[in-house]
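Each of the next two complexes has subunit A plus one other chain: subunit B in the first, subunit C in the second.
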Partner chain A sequence: MKLADISKTDLSNRLKNEGIRLRIGPFVILLNTRIEALSSALKLLYGESELAIDGGFSDFHISLDAPAGLRGYYRPQVLFYFDGQVPFKPLPITHAFPLFEWGLNWCIAKYVHQYLILHAAVLEKNNRSIIMPGPPGSGKSTLCAALALRGWRLLSDEMALVGLEDLSLTPVTRPVALKNESIDIIQRFESDAVLGPLSYDTSKGTVAHLQPPVDSMSRYLEKSGVSYIVMPRYSPESSNEVREMQQSSMLKELIRNSFNYNILREEGFRTACRLVDACGCFTLDFNNLDDALTSMDRVIHNSVNE
Partner chain B sequence: MPIKLPLLLKILVKPDYLPDLDDSEWDLLVRQARASSLLGQIYYLVMEGGYLESVPERVRHHLQSENRYFEAQKKSVLWEIDNISGTLAHLDTPIILLKGAAYLKRGYSVSRGRIFNDIDILVRQDQLDRIEASLKQKGWLSTHLNDYDQRYYRQWMHEIPPLKHHTRGTVLDIHHTILPLTSSNRPDIMKMFDASEPLVNEVNISVLSKTDMFIHSATHLFHESELSHALRDLVDLRLLAEEQGSELFCNELTNRAKELDLSWPVSYALYYLKTILQYQPAECNHDHFGGKEEKTVPLFLAPLFTRAFMPNHHSCTNFFSPVASWLLYIRGHWLRMPFYLLIPHLVRKALARDKNKKKHGRFFLTNLNKGKDMNKMLGTIGLVVGVAGLLLSLFAGIGRISGSYYLMGFQSMTLLNVGISMMVASCMVKLYSE
Partner chain C sequence: MSDYWGVDKQFPLHWHQWGDMHAVYHPGSGQTHIVDNLAAHTLKLLETEPSNTAELVTKLSKSLDMDKDDDLYEYIEKALDEFKRLGLIAYNKT
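Let's turn to the complex of A and B:
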């Protein structure tokens, strides 16, 4: 059963009581909340996620709620609970959905070390997968959203889960986080794009999440091999250009963008080396989405130099 | 109070149950163990029993991830110890590793899967200045820079303010004795130095003797004011006792504890090892603390500690838990810091000032006597607001120190600020009323 199959009232009742066990990529998340707005945002953005049957093992026990007592009435806030512990400061209650997303990132980065985890988007087309590492501001999420809206399969917007043995990419398909101008850009790019509620004045500015494509969500268990690593670099002044990147420079970028390199140590280093060896490494400079999409197609068709 | 034994305790007592757990029991066990810093221990119990095959795949990932985390920490701590040893080698003074670092360096079973934050070392007090200076030259910086904190540590505590490496962020606690200088227990630390054992292939690194390790760990556990790791510490004690493996251990332990004047923490430890973990070191029965041991933990303390030894997870807490941890918090401070000096001192100071005010006719009662209704009312309001502010600040301050970031839904610091503002406002009102 999918999350979208539960009626609105039924969903908020379950979230208030026993919780729902949501399948997100390889994880099962037991989620509780009394916040109605979060319940409807989940229904919109995670509607295509499968629900696990009740009972059994959940990887993460998460709940988001307003603090108890008087503080719940004056400028209400939301707290992220990881199995009863509060790892972060509270946020205004209107930021509940982004807080869920950031909190889930934190859980994965802190407790999941069977993969090398990179801060990167992962997309696939014609059985060829691309890892896109990129610091904030590189246009990674915007490009990722555009590719997902043009038929690429979205494996992840935020975290690449790289298998330590086989270098396989495990999908953890979740809504794509768009910030500030990117929100308008994506709405102009595809008028059918479904965006969740806008959260203003977060630490990252205005944030909205793009509903992931149905096909990508339904293939949440299907791992993929990796073929390319592309570093996107958006700049309004730059021209559109794909360039091959030195493997050693890419290795440094991967390590810099890794969440758990310090924990995997040698194993992480070897995995990153093998990954760079196995992939074509490119940088992609772009100033508009349409040209960037064409460039990405050229990458997977091995026609960068033509 | 009857307490249903939490799953984590059942497993710690009898790991044979591990292969029979179903998915939802694993769910509970992983959460209780993680909250009590014992997930690494569970991983080793699974490996030791050869149960890995029977562990559901999802759970296996969590256990193995925890172990990867542990292995990474182990490597970096061992590296850091080498580094510290090298930095201090020219001083030709022994550096005694304590707790986690010592267990790792010794390769004791207690170190397996044990996650800790700081490296603790024990050094001779007369060498402190040289050691601190050498470390500072190599990038270890003091974490507490204000004068009050510096004085607090140096005059009253058993350690100097922790040092932090400015690039790697490792925290190093340098102790010169094992209990605060102000605490009522003042064991002779030189006896521990004398019994310490240098490590092979090391220039200046030593560890405490096995017996002293047990005594040190027990002493800390039962002097602690924050007992969020109490169960983990008790498991440490069991593994340390098992490490001894000698039938003479109990004799040695008893004699040594007497010698160091630390008999009571050791007898508490043996009592709770028996009642919570159902573990009794070999030969540790009626001849030693046994028999009388129920009497060694005072009646009012026993249930508090029993509560504190429950897994630090919401499935194992009840209405009594916060009360118990608050009382133990007070007790811990009572043992460490002379509250009985601090409070009378503050009260005396406050009274002396009031006397002074009376002499100058500024004390609010003199205003009451003048019969000025307005002033009387303002004075009373000021007093009420001031006292309320003081109580609120105390409440928030104590709450914050005991680890509650949120009280009644507000951040503790917000409440503290409100309390202080109320006190300031009351002073203004009272000034005006006079």
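Let's turn to the complex of A and C:
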């Protein structure tokens, strides 16, 4: 059963009581909330996610709720609970959905170490996968959203889960987080793009999330092999150009963009080196999405130098 | 008596090579460093056997098939300083 198959009222009731067990990639998240706006956003953005049967194991127990007492009436806030603990300061209640997303990122980065986890988008086309690591401002999520809207399979916008043994990429397909001007850019790029509610004045500015493609969500258990690593670099002044990147430089970027390299220690080093060995390594400078998409197609067709 | 430097056997280095660049992981610090061929070779000499500066200059001059000179001595001193700063080598009193 998918989340979208539950009526709005039933979903709201279940979230307030026993919770729902949402399958996100390899994880099962037991989620509770009394916040109606969060319930609506989940139905819109995670509608294609499968629900796990009741009574099984859940990887993360998460709830989001307003603090008790008078604060529920004056500038209401939301708290993120993980196993009953509150790891973060409260946020305005209008930031409930971004807080769920950021909190889940934190849970995975902090507790999941059977993978090398990179801060990277992962997409696939024609059985070729591209890992796109990138710091904030690199255009990673905007490019990721555009690729997903043009038929690429979305495995992740935020985290590459790289298998330590086989370097396989495990999908953790979730809504794509767009910030500030990226929201308008994607709406202009694809008028049919479905975006969740706008959250204003977050620590990252205005945030909205793009509904993931149905096909990508349905393939949530299908791992992918790795083919390329591309470092996107958006700049309005740059020309569109793909360049091969030195492997040792790519290793440094992977380490810089890893959540758990230091925890994995030697295993992290070995895995990151093998990943670089296994991939074509590129940088992509771009100033518009259409040209960037063309460049990404050239990467997967091995025609960068043509 | 002179200062001997070597790689701490408690923390054996892990290496990976791409062309003339080498990645070296130091388990003691958890840090990864990228070094060129010459620095990698110098560090591997210290990994094989602790040496003082003069011995290292001799070994490296043999590897390079050249006579010892001031430039090589200066290179070794700088390399040792850098390896020490990064914690890649430790003092071995003999």
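Operating definition for what follows: the second predicted complex is superposed on the first by the 306 of 306 C-alpha atoms of A that agree within 3 Å, B and C clash if a C-alpha of one lies under 4 Å from a C-alpha of the other, contacts with A are read in each partner's own complex, and residues count from 1 in each chain.
The rule we apply is simple: a residue touches a chain if its C-beta (ideal position, glycine included) is under 8 Å from a C-beta of that chain, and two chains touch if they have at least 3 such contacts.
Since the structure is predicted, the reported quantities are computational estimates derived from the model, not experimental observations.
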item: Clash or fit, subunit B versus subunit C on superposed subunit A; value: fit
item: Contacts of A:162 with subunit B and subunit C, given as first, second, both or neither; value: neither
item: Per-residue contact with subunit A, leading partner among subunit C and subunit B; value: B
item: Which of subunit B and subunit C A:84 touches, first, second, both or neither; value: first
item: Partner chain(s) touched by A:121 [first = subunit B, second = subunit C, both, neither]; value: neither
item: Angle, in degrees and to the nearest 10, that opens at subunit A between the C-alpha centres of subunit B and subunit C; value: 70
item: Which of subunit B and subunit C A:248 touches, first, second, both or neither; value: second
item: Which of subunit B and subunit C A:67 touches, first, second, both or neither; value: first
item: Contacts of A:143 with subunit B and subunit C, given as first, second, both or neither; value: neither
item: First, second, both or neither for A:269, with subunit B first and subunit C second; value: second
item: Three-chain overlay, closest Cα atoms of subunit B and subunit C, distance in Å; value: 6
item: Overlap of the subunit B and subunit C footprints on subunit A, listed as residue numbers; value: 262, 265
item: Contact set on subunit A toward subunit B in their complex; value: 28, 55-59, 61, 66-72, 79, 83-86, 90, 111-114, 262-265, 267
item: Complex interface listing, subunit A residues touching subunit C; value: 246-249, 251-252, 255, 262, 265-266, 269-270, 273, 276
item: Residues of subunit B defined as touching subunit A within the complex; value: 23-24, 26-27, 30-31, 34-35, 56, 58-59, 61-62, 64-66, 68-69, 72, 75, 313-314, 405-406, 408-411
item: Of all residues in subunit C, those that touch subunit A in their complex; value: 14, 16, 18-19, 21-23, 25, 27, 30, 32, 34
